[in-house]
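Both complexes shown next keep subunit A, but they swap its partner, so subunit B is in the first and subunit C is in the second.
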Partner chain A sequence: MNLFAQALAWLGDGTHWQGSSGIPTRVLQHLGITLLTLVIAAAIAWPAGVLVGHTRRGSGMIGAITGGARAIPTLGLLTLFGLWLGIGLSAPVLALVVLAIPSLLAGAYAGIENIDATIPQAAKAIGMTPAQVIRSVELPLALPVIIGGLRSATLQVVATATLAAYTSDTGLGRYLFAGLKTRDYPQMLGGALLVVVLTLVLELVLASCQRLATNRVAHPERNLP
Partner chain B sequence: MIQFEQVSKVYARGSVAVEDFTLVVPSHRTVVLVGSSGSGKTTLMRMVNRMVDPTSGRVLIDDVDVREGDPVKLRRRIGYVLQQGGLLPHRTVVDNIATVPVLNGTSRRQAHHDALGLLERVGLSSEVAKRYPAQLSGGQQQRVGVARALASDPNILLMDEPFGAVDPIVRRDLQDELLRLQADLGKTILFVTHDIDEAFRLGDEVVVLRERGQIAQQGTPEQILAHPADDFVRHFIGADRSERSLTTTRVDGRLVVVDGQGRPVGVMRDGA
Partner chain C sequence: MTGIPFITPVPRRSLLALAGVVALAGCGSSDPLTEGTTSSAPSSGGSAGGATIVIGSQDYYSNEIIAETHAQALEKAGHKVKRQFKIGQREVYLPEIEAGKIDLFPEYSGPLLQYWVKDTKARLADDVYAELKKSTKNGLRVLDQSPATDQDSYTVTKEFADKWGLTTIDDFKKVTVPMTMGGNSEGESRPNGPKGLEATYGVKVGFKPIEDGGGPLTVKALKDNDIQLAIIYTADPTIAANGLVSLKDTKGLFLASHVVPLASKNVDDAAAAVINKVSAAMTPEDLIKMNGRSVKEELPAATIAKDWLAEKKLG
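Entry: the complex of A and B
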C-alpha cells in the first residue's frame, strides 16, 4: 500500500475522529487559531491601512513594512517568540500575526488608495465628515480589495498555523509533528491533507465573499442590464 | 453675497496660486470666473466652501468669515457641482441626490421623494432614479450633479467647470437648462470655466483672470466685448475672431449681419 493510500486509510479510521485529539477537535482548534490571529492582525493592520489610504500619506512606510515583514521567516520568529514567551499559544499567535499583517495592511491601503481621488474629494466637498467619507465612500469602494488582502492573509495563516503545534498541543500541526517524531508518515500526510482541504474551503468561501462585495457593494451597476 | 477680500494662496513648496484677489459676488446673480489653467480660478472657488483655506485675506458669505464655523456645516449649505459630476459610483441616482439631505437629518423616505422632484426639475425622467451613475450619459450625470447640488436648497451654488467634459451640443442644452433654472431659483452662482463663450452665455458678470488670480477685466459680457481692457483680454475673448467682428450690409432694404470672413450669420430685425 503506498503512502497516499495509507494516509487515506488513516483519515478513514473512525478512532481518529473522536476525542480531544481527534480530527474535528484539531480542525476546530486550527480554525480558532487562524481566526484569533486574523482578528488581532486586522485590528492592527486595517485601521492603519485605511488611515494611510485615506490621507494618501505614508505609502512609503507601508511598502517598507510589508516588504520587510514578508522577508521574515515565520519559523525563526516563532522560535524567537517561543524562547521569550515559553510554551503555549502566545508565541505562535504572535508569529502568525506578524505573518498576516502585511497582506491585510496592503489590501486596506491599496484598496482605498486606488479609488479615483476625485470621488472622496467630491464627497468631502458636499459636506461629508472624514469619518463619513471613509465609512460610506472609501470602505465600500475598497471592500473587494480589502477582502482580497484578507484572502491572502488567511491562506498564509491557515497553512502556517501548523507551527502552533511546535510550542503547544493545538491544531492540525500536531499530526505533522507527532508523525514526524514517530515516523508515522501516513499520519503526517493525512494531517497535511486536512490542512490543504481546510485551506481550499476557506479560499472558496472568501472568494465568493469577494465576488459578493464587488457585485453588491463596490460595483452594483454591473448587476443591472 | 460672497466677498473675497485680498485673498492669496501660497502652497507649501512656494508656488503662488492666487495673489491678492478681491471680488464681490452679489446675491442672486451669476458671476463667472474665466481663465486658462493656472489662473487660480478653481482655487478661488474652493476657498468659498473651505476645500482650500487662503494663506492670507478673507472670504465672507453674507458678511460672515467662512472660517468662523464648522467647514462640514458650511459645505452642506453650499451646492457644489463638479466636473464629471463627482457622483458616488456605488450609489443609485436617487441616493446620490438625497446624500446631503440625509446627512442633514431628513428621513430617507422624504429625501428620496424630494429627489424624484429634483430629477424632473433638471429635465430627467424618474426612470433613471434607480440607475447607477456609470449607466448614464455624461450629460445626464451632470444633470444629476446639478440636482444633487440643489437638494438641500442652498443659497449658493459653486460650479466648477461642470459642463467641461460633455460634447458641445449637450453642453449647450445644459447651459440652457441652467439659465432656465436660474431664472426660477435666483441662486447666487459662482461659476468657473475656461470657455469664454460659456462665460458670456451664463454670466451676469464675467471676471477674466490672468495667471495667479489677477483680474484682467471684470464686467458684463456686453462691456467686455465692447471694450476689452487690453490685448490679453482681447486675445482671450477672441475679439479678432471672425465670428466676433460682425458687420452689416444692406440687401434689398434689409440689414444682413456678416462675420469677419464675409459669411452671413443673420438678419437684423426691423426696428433693431
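Entry: the complex of A and C
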C-alpha cells in the first residue's frame, strides 16, 4: 500500500508533468503509436476480413492464421524486426501491427459471416450489386462486431505499446523500463497506472461506440417506441 | 518432485495434461540443461558437515558459466550442490541471498559494492574489493576476487575509432561531430551514462535508450550509425565478433567489476578454498573465450565450464 501511495505521489509531482519527457508528452506519444498501429492494421485486416465474410469462403484458414498469430510473442517479434530495421519506431509499430491484426480480422469476418444468410441473398434478389450488399447491408449489420474487434485490438495495443520504449525513446514504456532497472518502483507503478487509466478510457469510449453502433446502425428498430 | 499418484489406467488426454504439469514443475526447480549433473539431494534442514550448498546465478549467460565452474569444482571436491540458476537481476536475488536461501553466487565487485554503498567513491579494483569486504553484512562474506573482469565500457565501431584516432575515452574530445550514446534507459541517470562522461572527461553526448543491455539491437544501432558509442560489457564476445573497439577508461569513470563470489555461512573454509582456486585461475581472456563459446557454438554452460576446468586441471 505504501508503494501505491508513493506511486500516486510520483504522479502528483508537478515536475513529472513538464518537458519533452513529461507525462502529457508521453501519453500523447503513446496514443500516437496506438493510433498509427491501428490504422495500419485496420487497412490490412478489415478489407481481408470483409471479403472472407462476404464470400463465406476461407474462414477456416483465417481462423487458423489469426489463432496462430495471437500466439506470437510480441517482444521476440520486436527484436527480430529491430535487427532488420534498426532502432527507432518502425520495429515496434510493425510488431504491434502483427499483434492487432488477428482481433481486427476476426471481428470483420465473424461480424459479416454471422449475419443470417437470407438477408444478403434478399438484398441480391432485389437487384443490389455485391458492393452495395457489402456497403448497405452487411457492413451496417456487422458494425457492432467489427467495433468489438477494434475494441479488443485497441486494448492489446495500448497495453503492449509500452514495448516501443525498448528500441526508441517513445511512449509510457520508458517509465516502466527506467523504473525497473533503477529500482524506482514508484515511477514504474506510476507509469503502469497511466497505461491502465489510458486503457480504461479508450475501453469506455469504444464500448459506447459499440453500443451506439448496435442501437443506431445495426438494429435501429430496437429504439422504436 | 513427487511420484505420479495414478496407478489405474487414465485416459490419454489426462496423461498428457499431467505430463505438462510435471514438466512445468521441473522448470520451476532446476535448469533442464544441467539436470543430469545436479545432485538430487534435497536441501533439508540438516546441518551435518556435508550440508548442500545452494548456488545461484544471474539471468546472464556469462554469469551462469561462472556459477557452473563453481558448482562442478565443488562437486569434484565432494560437496553436495544444488543449482538455482538464472535468477534475474541483483534487485531480485540479493534479498534471497541475504535471507539465506542461496549460499553461493558469482558476483561482480563494483556493482555489488554499489548495491550496498550507493555513493561509494572507490573505482579501482583493489579499493573496491577492500571496501566491499568491509560492507558485506548479514553473515555473508566475499571470497577472493578473480582476475577475470566484466565491466561496462564505451564501445565504438572500428571505423569510427580509426576516423577520429580513438583509443581512450579522453580521445572523444577530438571528435567534432555530435555523438549519441546508446544503452539501457537507466544509463541516462546513472554515473556510467552521459552525465558521468561529462563530469569525468568533459565530453558532451546525447542519449538514446535501447533496452537490450548491449545486445544485438545495440550493435546494430552502432553499425547503422544511429548511435556512435554504446555501453557494452568488456567480456562480451560481440565486441571482437563485430569489429567493435572498447575505449580505455584512463580516469576511472567505470567501477572495477571483477568476478567475486558472494558466500553464506553454509560455505565452509574447505569449500571456500575450492572456489578461490577457481577464481585465481580465471583470466579476463578465459571469460571472453567461454562467453564466445556460449554465443557462437551455443554450448550449454555445463559443457563450457567442464572443458575450462579440465584445461586448467581443476576438474
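We adopt the following convention: the second predicted complex is superposed on the first by the 224 of 225 C-alpha atoms of A that agree within 3 Å, B and C clash if a C-alpha of one lies under 4 Å from a C-alpha of the other, contacts with A are read in each partner's own complex, and residues count from 1 in each chain.
Methods note: contacts are C-beta pairs under 8 Å (C-beta built on N, C-alpha and C of every residue); 3 or more make two chains touch, one makes a residue touch a chain.
Note that the structure is a prediction, hence the values are computed from the model and not measured.
Once the two complexes are overlaid on the shared chain, A:T182 sits against subunit C while remaining clear of subunit B. In the superposition on chain A, A:F81 makes contact with neither subunit B nor subunit C. In the superposition on chain A, contact of A:R174 is made with subunit C only, not with subunit B.
In the superposed model, A:W10 makes contact with neither subunit B nor subunit C.
In the overlay built on the shared chain, the residue A:M128 is in contact with subunit B alone; subunit C does not reach it.
Residues 46, 49, 51, 72-73, 75-76, 80, 82, 84, 86-90, 99-100, 103, 131-135, 148-149 of subunit B are the ones touching subunit A in the complex.
Subunit A contributes residues 79, 82-83, 86-88, 165-169, 174, 177-178, 181-183 to its touches with subunit C in the complex. Within the complex formed with subunit A, the residues of subunit C that make contact are 91, 182, 184-186, 188-190, 208-212, 216-217, 220-221, 224, 226-227. Those residues of subunit A whose C-beta lies close enough to touch subunit B in the complex are 118-119, 121-129, 132, 137, 140-141, 217-221, 224.
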